[in-house]
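My questions all concern the structure below.
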Amino acid sequence: MTSLSGAFFAVIQRDLAIAMRHRGDLLNPLFFFLIVVTLVPLGISPEPARLAAIAPGMIWISALLATLLALDNLFQADFDDGSLVQLMLSPQPLWLLVLAKIIAHWLVTGLPVVLFSPLLGLMLSLPQAGFLPLLLGLVLGTAMFSLMGAVGAALTVALHKGSVLLSLLVMPLYVPVLIFGTSAVQRAVDGMNYGGVMAMLAAVTAFSLLLAPFAAAGALKVGING
Amino acid sequence: MWQWFHKLGSPRWFYDISGKFLPWLALASVVLIVTGVVWGLAFAPQDARQGNSFRIIYIHVPASFLALAGYYVMAAAGAVGMIWKMKLADMVMIAAAPLGAALTFIALFTGAIWGKPTWGTYWIWDARITSMLVLLFLYIGIIALSRSFSTRETSARACAILALVGTVNIPIIYKSVDWWYTLHQPATIKLTGAPSMHPDMFKPLLVMILGFYCFYALVLLLNTRTEILQRERRTNWVKELAAGK
Amino acid sequence: MSSQPLLEFRALTFERDDWPLFSDLCGELKAGEILQISGPNGCGKTTLLHILATIQAPTTGSLHWQGRDISRCRQEYLAAMTFVGHQTGLKLSLTPRENLRWLSQLQPLSRCSSGEALARIGLAGFEDVPSYTLSAGQLRRAALATLCMTEAKLWLLDEPLTALDVEGIADLEALLLEHVAKGGAVVLSSHQPLVNRAVRTLALDAMAEAAH
């Protein structure tokens, strides 16, 4: 018999191995992230004071869009080559395997965005106090984006409609994270305590962690029928 | 009880029985809405600060109420359809989505018209309006998803899951938007506070809300009946019906 | 010899938008049997196999595994069943060995190592090359290598002959015969006849015509 942890880690390991063999795809969300943030001074103003004022929101919005861009591929490729069906026919609980896929997906899309964000903060003249809450918030926030995004990705897996429908489905769910995430940074910049806001962000992410694997597993069972 | 439940699940039985309710519901909604409109527009006193422009609440408030309630109706129907595999519940859910989206749009639209004379602008990022806009996106997502699948069964299952996920997230979204608003704009203007209203203004509003509920039920029934006929078009009873029996 | 069927399906109906693809399909599969589902394109072969594999749910009807309703013992059924779909389920950027290693963590595939299985199915020397360098026939063989490794009693194979050459078909037939000789059972879909006298055929097109 296969073991629960064996299956869980095999899924993560395989998805990471595939990502490492398509390093170009790995960089796509990062370039997108960078491009959006480069457009901001060009479109608004190069003045550091004005950039600093909008930096928290801009970085969060581009991080959201960057992870959204990569969400499409969470189940789609596996569906197309038939390995998703093999995953679903495992005697192991599906929600656990789905969670493993979400974790792997976050490691290759969310985490790079998080690690990249200080650089963008620098480029947008984000005040020093904002960097730590930005990093912390993005860790929690991108995790939530991957978790809830998985439900949308599972529902649309067989539709081949591109990411437009997927964005429409998950964007409303991302609203609280965006609000809490940006205001945590803003409060830190304004010299206020941001612990409470961060706690709320953590609560939203924890709630998604409880809900999303089950919802996504259920959504997959429906979604693969197209 | 159980037998009744299963009977309710039969589209044909539902079609027959809902046909008997329809005239009464139609009558009730017409009477209530006409009364409410006439009372609200002609007889209710003017607002001290806003003059006559406040009268748009007689459409705005009931529409906003039902916009949110409609989402729960849809999600509940979806859950019933998913758990008991009841076709009829699926049909109610699919019928409820465009109706809810329309009401949400009406709420937003009347809000914008109301905003011009009161705030001096059509659009303001007020907590209520923003929440309503997010709700509209939730509805549009459901509608877009329901149109994307090749079979009705899959489509209904998928929409039910999305509606349920949306339902558990709505309180979080609303709370966060409220909090966001107080953060950026200390509540200086508060206009829609119903409890502070004069009773003479409030009574017609109550009538309108009731009227809107009846109207909602009426349109939901009509939509569902259309959905039933479409889905069951190959069955004998629908063919007989279409033949004008 | 027990006479209880391994797999039994009762009154399976599958409707797509209230239009029956097939209806009232009944049948059973005993240990040592091969059931071939045949019929023209679009008659529902893949759908039926998906239903048997519990990937899709039938509109009405039920499946029974060793006499028990499958909704009651799905985990057990999944552990006793292996499915090879029309799509190979292989990641092209991974090697055949990596693909099989991943699959063997998810499903009970421990009869032999992936290397032995790949050698048996004629892919010796290709274990560690990226799968995108393999031909369609070789990919099919790699997917069928799971059959050498699986402990499952029931094999569900959707179009297993696709892209296989004469030798590949012979290898597969040998595998099938070995499996049923040990008391296993196979359901496979194919429009070409298998050269095997033990095969029982379920013709879906005849069913479909009877239904209309």
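Think of it as A, B and C in the order they're written, each chain with its own count starting at 1.
In this section, a residue touches a chain if its C-beta (ideal position, glycine included) is under 8 Å from a C-beta of that chain, and two chains touch if they have at least 3 such contacts.
Keep in mind the model is a prediction, meaning the values are calculated, not measured.
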From chain A, the most remote chain by mean C-alpha position: C
Identity of the most central chain, Cα criterion: A
Chain centre separation (chain A, chain C; CA means) in Å: 37
Chain centre separation in whole Å, for chain B relative to chain A (CA means): 32
Intercentroid distance (Cα basis), chain C paired with chain B, Å: 48
Numbers and ranges of chain A residues touching at least 2 other chains: 225
Sequence positions of chain C contacting 2 or more other chains: none
Multi-partner residues of chain B (each touching 2 or more other chains): 150-151
Partner chain A, residues of chain B touching it in the complex: 134-135, 137-138, 140-141, 144-145, 148-151, 154, 157-158, 161-162, 164-166, 168-169, 172-173, 175-177, 179-180, 183
Interface residues, chain C side, partner chain B - complex: 16-19, 59
Chain B contact footprint on chain A (complex, rising order): 148, 151-152, 155-156, 159, 161, 165, 168-169, 171-173, 175-176, 179-180, 183, 200, 204, 207, 211, 215, 218-219, 222-223, 225-226
Complex contacts: residues of chain C adjacent to chain A: 53-56, 75-76, 78-79, 81, 83, 85-94, 98, 101-108
Residues of chain A defined as touching chain C within the complex: 1-2, 6-7, 9-11, 13-14, 17-18, 21-22, 80-83, 85-92, 97, 224-225
